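Consider the two complexes below, in which subunit A is the common component and subunit B and subunit C are the respective partners.
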Partner chain A sequence: MSRTFPADSVGLVTPQSAHFDEPLELDCGRRLPAYDLVFETYGELNRERSNAVLVCHALSGNHHAAGYHADDERKPGWWDKCIGPGKPIDTNRFFVVCPNNLGGCHGSTGPTAVNPDTGRIYGADFPIVTTRDWCRSQRRLGERLGIRCWAAVVGGSLGGMQVLQWAIDYPDQIKHAVVIAAAPRLSAQNIAFNEVARQAILSDPDFRAGHYAADGKLPRRGLALARMLGHITYLSDGAMREKFGRELREGKLSFNYDVEFEVESYLRYQGQSFVERFDANTYLLMTKALDYFDPAAEHGGDLATTLRAVEARSLVIAFTSDWRFPPQRSREMVKGLIDANKEVSYAEITSTLGHDAFLMDSPQYMRVLGNYLSRVAAEAGT
Partner chain B sequence: MSRTFPADSVGLVTPQSAHFDEPLELDCGRRLPAYDLVFETYGELNRERSNAVLVCHALSGNHHAAGYHADDERKPGWWDKCIGPGKPIDTNRFFVVCPNNLGGCHGSTGPTAVNPDTGRIYGADFPIVTTRDWCRSQRRLGERLGIRCWAAVVGGSLGGMQVLQWAIDYPDQIKHAVVIAAAPRLSAQNIAFNEVARQAILSDPDFRAGHYAADGKLPRRGLALARMLGHITYLSDGAMREKFGRELREGKLSFNYDVEFEVESYLRYQGQSFVERFDANTYLLMTKALDYFDPAAEHGGDLATTLRAVEARSLVIAFTSDWRFPPQRSREMVKGLIDANKEVSYAEITSTLGHDAFLMDSPQYMRVLGNYLSRVAAEAGT
Partner chain C sequence: MSLRPDLDIISGWIEPGSRVLDLGCGDGTLLAHLRDTRRVAGYGLEIDPANVAACVKAGVNVIQADLDKGLRDFEDATFDYVVMTQALQVVQRPDRLVDEILRVGRQGVVTFPNFAHWRNRLQLGLGGTMPVSRCLPNEWFETPNIHLCTVSDFERLCRGKDLQVLTRSVVDYSHRRSLGMRLFPNLLGEIALYKLALRR
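The block that comes next holds the complex of A and B.
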């Protein structure tokens, strides 16, 4: 007997894959001779091909944004709260495409794939890709699917950075840019956190210069540490206080280094479970893509000049308690767009949840996103 | 030819050591059969023994708070900006005592010392000590030096927590409590950062369950990671931006995992140099002392009730850009003291330097501290 999914779920989904034989020139100067992109789609492309929405994922995300892969899958895709029939990214109206990024570890070509030049797993030989490289590869995927122009490109965090890059690089192929919980470039503190995470992985003896897979190893300790650290930056101080406080697992101090406080238990679990589903080389290159993202650098740091190229209208969303990419960073993008004479809406959502708020479904957030995308859909004729 | 030190320096200092044969009962339930405390003193104890100031150090500090150990020592003690003739902690007026904490790694009995019960280095067998244990051991040191009552106990960060504990535990032996950049207990986020630092050390294969010294090893990678992470929390986002921005060491991206951004270079240096001067087991137990500090826990979390015992007058100082222990946490202590009907002064110093500001000599900070301690000195008859 098959499971009944909620009416607002896209239900069972099957990932698809596209193979690209045309080499891809990368920002680093190297080229990928060929590559695959795994992706999911939800909803139907209309006859005018005007209702396609590209969803870009964040650091540890993938193509499984909504619905379920199997009847017995416990948790739906990572943005299921947002994508589905009647949800803000309404699959009754939009044709939604979510690819796993190049360099990822969930099916798209990345460090865990076989290098056609050597017949061996890429590992550390996989090139460091940039946000711009991702947009380039996503554009080809769009072409393959018959999409000449996206009704909207949408993403949070690193996903939001891809949205901004899309709007800059392919202005005539994106009507609306929805940039959530992002920043126009990382701060020194952001880079510092990434660097500690990278050092945790790189210094793990089982990392073996990135060729752990060939050696039958996994840099478990390093990757778990990186994820633990990441989690601290995804949650606000207040959210952690509400969620864990100073609660002790056993009700009393143990005077040793076992788990004592609830927050320790949470972090260790997050770290350990991440190791089972994520690749360390992918983690490294994703953090570099974050660090490198700085579209204004080509214009001497002048964001407004950089954004002159944009033709899309934009919605920028920030969350009050996000200290990873605080509202101030979103306002920099808004200011840049306004200074460049672009149409931009800005919403600062009150939330105690920190950066993670972009994955949650707070009513204010869902309303802002839903209303905006509803107008996008109407404009697209759906 | 010997070096001429500045007129406001305490000049050359020689650490002293005190041996205690009377066992010390610890909060963890264990006892130390005997122990040594290494310490430095600056200035002279007056005839009335009324001018003694105890300086408590922070997580990675030690007894070398001021002056120089040798003519060719490049950097003076860690709080030299504050301690010396004419400085806020004026050694013309005060007799200043700064011990290395029990469990430390700079001369006081700790994990790097020999366990008299086994004849081997303690390593991980050294007990986890608490802020209260430290105060207990410091009290004995005071007695040894003929000090019945401290004119003031002063400290920043973890040092400030010891000051608060002193005021609670030995109300008739401390006239003034100067609590700088501290908190009445750690938040879940604070504990989370400590936990990631601990996991970095504990998971380093060279940690060897804490007995690395016996095996001729050092958990370098883990300790360096812990320190790198610590440094992010000591600096504000703004301070990092001012200090490093997104400056690239080589002026361009390298597309590999070598040092690229200046902030990476800084962090790696901080991590690597720390390993040369600090012990991993000490680092672990210091973070636990921080996590455990929660004097109000004995009164169901009610800080005002806890602080009823206090007889000292207090000065609480916080720094606006400190996000490790933000002003809000200092105000909790101030509120607790006021609610308990105690005399307390509070200064919130404008600073962009983050938590590290407590070690710097901004004019406003030095003035507040100097003025307060000048009145303390006058009261002490010096």
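The block that comes next holds the complex of A and C.
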């Protein structure tokens, strides 16, 4: 019997794939001879092809942003709260495209794919890609789908940085940029957390210099540790206190190093389940892409000069309890856009949920995003 | 729907095609009006979440910000006008904000309720109670107004800062002018509107 999905769900979705034969020159100086991008789409492209919205995913995200892959799938896509009929990214009005980034591990060409030059799995040989490389590859996907100009490019966290890169690199191909819980570049503290995560993976004996797949191994402990660390930075102190407090699983101290506190149990579960769905080389690569992201570097660190290229109008959103990419970092982008005389709005959402708030559906967040995108849709003629 | 009368007067003070920063822009009415009638580009600063959402809905550029933190995200002389309507009396340090207004804007436009209006004087002087009026609708315990001032007070502040008053308009609640208000602004005016600049 087939399941009934909620009325505001896009329902059952099937990932698609596009193959590109034309080589892609990468920022690192290497080139990918050919690649695949796996992606999902929701809604219909209108006749004018003016209603396309590109959704960029975060560090551990993928192309499955909304809906369900199967009747028995427990959880919908990662941004299902935002994407669907009548939701802020309204699939009754928009044609939504969400690709898995190059270097990913869910179908787009990445470290888990076979290197055509050697016939073996890329593993550690897969080149480090950057946000600019992602934009380049996604631009080709847009062309393939017949989209000359995106009505909006939307993303949170690493996805938000990609949105900014899109607005800078292809100013005439994006009408609106929606940058959520992001930063114009990482701070030393951000890079430090990424480095500890990488060291956790790199120092796992099963990592085998990145060629664990060839040896039939998985750096489980390292990848799980990296994810546990990441999770701490996604939550706020207050959110953790509220969610776990100092609750003990057994109700009493057991004076050993097994799981005692609920928060330990949570982190271990998050780490272990992540290993089942994510590739360690991809994790390394994604954290590097984050560290390298710094569009203003080409202009001596001057963000306003960098943003002069932008033609899109922008909406920047930050969350008060986000300490990974705090509001101050979003305001840097806003200031840069204002100094460059660009149209921009900025909303600072009160939230106790930390960085993860960008994936939730708090009323003010949904209202601001919905109001903004509703205007985008009206402009696009839908 | 007609424009709030003080906003109508202010609109007449703004050169078409200029760049405006509106402090405490509310639901974006003034900026939307200036955009639609005078090709004015600009941004509003607003702290209230519902107003921020309303501005976004109206297509007005809004920056969620607390005026008490100043205008440090804005560079010197980057706006033709910095406008602040009916917000002077709710900020922590109106004097410092006036400095900020004229640092960021070439001209400043400031409006506030005149606390020395005769009805207020009667209520306080004879009735012995804090004034509640059309312009000051809240009781003392619930009012957001923490720095109410009079026309005379404000002009003393401007003199002390050596600011130039380019235009002054003193009006009643319905924003009508009268001879009486021209002659005795501090007694008969309910709302004061100023256009200011630094003396060169």
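Just so we're on the same page, the second predicted complex is superposed on the first by the 382 of 382 C-alpha atoms of A that agree within 3 Å, B and C clash if a C-alpha of one lies under 4 Å from a C-alpha of the other, contacts with A are read in each partner's own complex, and residues count from 1 in each chain.
As a convention for this text, a residue touches a chain if its C-beta (ideal position, glycine included) is under 8 Å from a C-beta of that chain, and two chains touch if they have at least 3 such contacts.
These numbers come from a predicted model, not from an experiment.
Using the contact criterion defined above for the overlaid structures, shared-chain residue A:Phe244 touches subunit B, although it does not reach subunit C.
After overlaying the two complexes on the shared chain, residue contacts for A:Arg74 are found with neither subunit B nor subunit C.
In the superposition on chain A, contact is made by A:Val334 with subunit C only, not with subunit B. After overlaying the two complexes on the shared chain, residue contacts for A:Ser345 are found with subunit C alone; subunit B is out of touch.
When the two complexes are overlaid on their common chain A, residue A:Gln364 makes contact with subunit C while staying clear of subunit B. Greater residue coverage of subunit A by touch, when subunit B is weighed against subunit C, goes to B. Of the two partner chains placed by the overlay, only subunit C lies in contact with A:Leu315; subunit B stays clear of it.
In the superposition on chain A, A:Pro205 makes contact with subunit B only, not with subunit C.
Look at A:Ser374: by the touch rule set out above, it reaches subunit C but stays clear of subunit B. Across the two superposed structures, the residue set of subunit A contacted by subunit B and also by subunit C is empty. Contact residues on subunit B toward subunit A in their complex (touch as defined above): 27-29, 127-128, 185-189, 191-193, 195-196, 198-200, 202-205, 221, 224-225, 228-229, 231-232, 235, 237, 240-241, 243-246, 253, 255-257, 260-264, 267-268, 271, 284, 288, 291-292, 294.
Of all residues in subunit A, those touching subunit C in their complex are 315, 331, 334-335, 338-339, 341, 343-350, 364, 367-368, 371-372, 374-375. Residues of subunit C touching subunit A in their complex: 19, 41, 43, 49, 52-53, 55-57, 59-65, 73-75, 78.
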